[in-house]
Amino acid sequence: MAPQYAPSLRSRLAPTLLLIQVVFIVIFSLYFEIDIQKKERDGNAFNSLYPEFQDVNVMVILGFGFLSTFLVRYGFSSSGFNLLVAAISVQWALILNGLESLYYRGKIKINLRSLVYAEMCTVPALISLGTVLGKTNPVHLIFIVLIEVSGFVLNEWLLHFIVKMQPMKSIMLLHIHGSFFGLVLTWILHRKGSEKKQFEKEKLSRNSGLFSMLGTMFLWMFWPSFNSILVDNYPHGRKFVAVCSTYLSLAVSVATAASVSVMTSPKGKLNLVQIQSSILAGGVAVGVAMPVVYRPYDAMTIGFLAAVLSTLGYKYLKSHMALVFHCHDTCSILSTHALPGLLGWLAQFLVLKDFDDHTMNDNRYQEHRY
Amino acid sequence: MAPQYAPSLRSRLAPTLLLIQVVFIVIFSLYFEIDIQKKERDGNAFNSLYPEFQDVNVMVILGFGFLSTFLVRYGFSSSGFNLLVAAISVQWALILNGLESLYYRGKIKINLRSLVYAEMCTVPALISLGTVLGKTNPVHLIFIVLIEVSGFVLNEWLLHFIVKMQPMKSIMLLHIHGSFFGLVLTWILHRKGSEKKQFEKEKLSRNSGLFSMLGTMFLWMFWPSFNSILVDNYPHGRKFVAVCSTYLSLAVSVATAASVSVMTSPKGKLNLVQIQSSILAGGVAVGVAMPVVYRPYDAMTIGFLAAVLSTLGYKYLKSHMALVFHCHDTCSILSTHALPGLLGWLAQFLVLKDFDDHTMNDNRYQEHRY
Amino acid sequence: MAPQYAPSLRSRLAPTLLLIQVVFIVIFSLYFEIDIQKKERDGNAFNSLYPEFQDVNVMVILGFGFLSTFLVRYGFSSSGFNLLVAAISVQWALILNGLESLYYRGKIKINLRSLVYAEMCTVPALISLGTVLGKTNPVHLIFIVLIEVSGFVLNEWLLHFIVKMQPMKSIMLLHIHGSFFGLVLTWILHRKGSEKKQFEKEKLSRNSGLFSMLGTMFLWMFWPSFNSILVDNYPHGRKFVAVCSTYLSLAVSVATAASVSVMTSPKGKLNLVQIQSSILAGGVAVGVAMPVVYRPYDAMTIGFLAAVLSTLGYKYLKSHMALVFHCHDTCSILSTHALPGLLGWLAQFLVLKDFDDHTMNDNRYQEHRY
C-alpha cells in the first residue's frame, strides 16, 4: 500500500466508489426489504428506539467526524471522509449482518435495530480512520474500511458461535478491534523519513481545537445512548443501569483526566487535546465492562482507572509507540479506545459474578421480538 | 425592490419588526389557545412526537442557519437572519394554518403537530433565503418571507381542495416551492454589474467551511425525522418505511455525490462544497417520492439518481443560470432542492401503484386524533 | 480570593481535583445504588424522560460551554472548564439532593429524574461561571462551584420546608440564583486597575462568534425541554403547555430582541452578541413564570417584555454596573438571566390565579412514582 498520493490512484476513486455503490444497490434490490411488523405498527418499538438511534447517529456522523478536526490541515477533509466512510460501511454492514438471515429465510429485513447494529459495526472503521489520516489515498481507505467491517462482523460471528458470547457483549469490543486494526495499519503504512512529515502535519489552531471539542462533546454527551441502545430494559432494568453507569463513569473521567493531565505536565497546564482524548475513556471502559456493572461505584471506579490509564498513555506511550514500534497514532486512539477497552475487558474477567449471563438474551437473532 | 442598502430602509427594520410582533401577539391573544386533550394527557402522543419535533427544530434553526456559513462574509449574519426569519414565519404559519379552524370553530388550538406543521411551512422561506444572501436588506427580507409562507400555505390549501392531494404529499413540495421562489427572487433582484460583486462575496475559508459542514451534517443526520415526522405509523408501519428509506437514500447520495464530484473535476479533487450541496439530494428526492417508496431498492435508486443530478447540476447549471437567466444562486439551492425535488415528484408519476392513496389519511384536518 | 494566577495555586489543582473525585467515589460506594423499579422495567418512564434528558444534557454541556466562546482568548478553555465544572458539580448535587433520602432510608437511589435534577442544580454554577471567566484560577473555581451548588440546594430545601414551595417552582429560580451569585462574585473579585485588562480580554472574532452562536442556538432550541422536563403531563397536560409556551416565548424574544437592538444602536446595526444574550430571555422568564402561564398569549407577552428588558439591560446596565458597582459582567448574565428571571418571578405574583398550586404535586419527594 503506497502512502504517496499517486494521481493515477486518485483517478480510480470515482469509478471504484461508483462501482461499489451500484453493486450495493443491486444486492439491496435482490435481497432486502423493510421490516413492517405488528409490533412496529403500534409504534412502541419505534418510539422507544428512535431517539437513541438518532443519538448514536449523531455520534457516528458528527462526533467521530469532528473528533479529528483539531488537525488544521485535515479538518475539512476528515469530517468529509468520515461521512463517506460511514455511508459506505453502513450499507456493507447491513449486507454482512443479514447474510445469516439470507441463508435461512432468503430475505434480509431491515428494522431499526438492524440499522443501529450496522451503524455500530462502522465505528471500528471510523476509529481506525483516526490513525491513517493523511497516510493513505481515498481508494485504499475505502478498501481498508470494507475489510475492517468484514473482519469485525466475522469476529462477532465467531465469538457468537464458538465462545457463545452474546452480541451485546461482543459488539462493545469494537473499541479494541478498531484501535488495534488502526495501529497495525499505521505500522504497515510506516515509511522511513515520514515521521517528520507526520509531525509537521499535526499542527493545531484555536479554532480547529474548538471544532474538535465540539465533536468530543457530542461523543461525551451521547455515550450513554451508545452503551445502552442495544440493551433491553425489560427483565432487570439493565438499560437504565447502562445509561446511569456510563453517565457517572464519564463524569469521573473528566475530573480525573484533568487532574492527571495537570500533574504530568511540567508547567502545570491543562492540555485540552490530551484531556479530550481521555474524557471519553470512562465511556469506552464501562461499555466493555457493562455486564459486570451494577452499582454506581463500579462504574465510577472503572471511569477513574480508565481516565488515569488513558491520560498516562497519551503522555508516555504515544511518542514511544512512534519511535519504537513505528506506529504513528495521529489521533491517539491507543489511549482513547485501546487502553480503556482492554481495562473494561479485564474488569469482566476479574469480577466473578456475571449478572447478565443468564438474564440477557441474545437479541440480535431474536429479531421477531421487534 | 432595491438591492442597495439604503440607510433609511435599514432604520425601518426596528419599527417593522416590532409592529409585526405586536400584531402577532394581539392575534394570538384573541384566537389561540393551547390544545390540552385527553390523549395528550396520558402522554403517549406527546412522547412519540416530541423527540422528532426536536430533530426538526434542530434542522430548521441550526441546520439551515449554518448551511450558508461557508461564505466568510455572511457566516455570522446568515445564522442570525435564519433564526429571525424562522421565529417570525413560524408564528405567521401558525396563524395561516389555523384560519380554517378559526372559521369553523372560532378558535385555533396549538398542539405539537401544528407546531411541527408550522415549522415545516417556514422551510421554503429558509431555502429561498440562500439565494438572496447579501442582495436584500432585512426589511425586504421580512416581507419576502411573509409573502412566501403565505404563498406556500395557500398552495397547500389549493392542492388539498382542488386536486384532493393529501397534506402529507403536498408538504414535501416545500423543496420545489422554496427553491423556485428563491430563483425567481434572485432573477428579480438581478442588476447589471452586480455579478462581479456577487462572486467576490462568495469567498470561502477553512473554518467557515467547517461550520457549513456542521450545518449540512445536522440536516443529513436528522433528515429521516424530517421525512417521517408527519407520517402515521399506525396502519402500515409507514413511519419506519419513511425513516429507513430516507436513511438509505442519504447514504447512497454521499457515495454517489463523492464519486460524480471527483469524476467531473479536472484534477480529480473532492470538492467538499459541491458534495455538501449534493449529499442532501437523496433526502429531498425520497421525501417527495415517499408515497411510492416501499422497498430499500426504491429509496436507494432515487438517492442515486438525485445525487447524480444534483452534482451535475451544481457543476454545469450554476454558472449557466447566472449567465443566461441572470439568476445568481449563492447557495446552489437549484441543485440541492429543486432538481432532486422534481426528480422525486416525477417518480411519483412514473410509478403507477400508489400505496398511500387509500391508506394514508389526511392527518392535518383530523386533529381530534391528537 | 486572589485573582492573580499564582503558580503555587495552579499546582494545587491536580491534587485538589483528585482528592475531591476520590472522596466522591467513596461516598458513592457507601451510599448510592441505581434505582431499578418495576415501572422502570417496563420502560415507559425511561422512554418518556430519556430524550428530554439528552436535550438538557446538550444544553448543560454544550450550550453553556460554547455560550462564552465568543471571547477569542477563552473559547477553548471556557468550553473545557464548563465541562469540568459540570462533571464535578453533578456528582456533588447528586450527593446533596440525596441527603434527605439517606437520612430516612439509609440509601440514595439514582434514577433518571434524580440525574436530571442534579444536572439542573449545576446550571446556576455554570451561569455564574460566565462572570468570572479569566478572573479566578481553577482551584478557586472548583470551590466556588461546590459552594454555589450547596447554596442552591440548601435554598431549594428551605423554600420547600418553610415556604412550602414546590420544587418545580423553586428549581426555576436557578437563573436568579446563579446570576446574582455570579454578580456578587465579580464584585468581590474586583481589583483596582483590573477594568482595563478585563475589557482588553473581551475581544471577539468572526469565528469565535459563530461558536458562541452555536451554543446559543442549542440553548434556544432545547429550552422547551429544559422548562418541561420535570413537569408531569398527567393530570392537566401541563408538560405540553410548558413546551408550547417556551417555544412561543422564545420565538417572540428573537423578533423583539432584534428590533430593540437595532433601535438602540446609533448606526442601526444588528449587534449579534447583544441579540444572543437577549433571545434566551423569553425562555428564562417563561420558565420562572410557568405556574401562571396557560394561554399562548401569556407566554408571548412574557417573552416580549423579557426581550425588551434584556436588550435594554445589555445596552445600558452592563457598563453602568462595571463603573458604579464594580461588577464586571463578562458574559452579561445580568441581562440574560437575572432580569428575565426577576420578570418571570414578578409575573407569578401579579397574576392571581395560580393554576398549579393544587394540581401539581411535589414530584421530587414522590420518587416512588418513578
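A, B and C label the chains in the order they appear, each numbered from 1.
The working rule: a residue touches a chain if its C-beta (ideal position, glycine included) is under 8 Å from a C-beta of that chain, and two chains touch if they have at least 3 such contacts.
The chain list, named the UniProt way, goes like this: A, B, C = Ammonium transporter AmtB-like domain-containing protein.
Here the structure is a predicted model, which is why all the values come from computation and not from measurement.
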>> Between chain A and chain C, how many degrees of rotation does a Cα superposition need? Round to steps of 5.
In response: 120
> Over half shared or under half: which fits the residue numbers at the contact of copies chain B and chain C, same or different?
Replying inline: different
> Where the centres are mean C-alpha positions, what is the separation of chain B from chain C, in Å?
Replying inline: 32
> Which positions in chain A touch two or more other chains at once?
Replying inline: 47, 51, 207, 214
>> Using the touch definition from the top, list the residues of chain C that touch chain B in their complex.
In response: 47-48, 51-52, 55, 206-207, 209-210, 213-214, 217-218, 220-222, 225, 233-237, 239-241, 243-245, 247-248, 250-256, 258-260, 262-263, 268, 270, 272, 275, 279, 294-297, 300-301, 304
> Hey, which residues of chain A end up touching chain B in the complex?
Replying inline: 7, 10-11, 13-15, 17-18, 20-22, 24-25, 28-29, 32-37, 40-43, 46-47, 50-51, 54, 57-58, 61-62, 65-66, 69, 72, 75-77, 79-80, 83-84, 87-88, 90-91, 110-112, 115, 138, 207-208, 211, 214
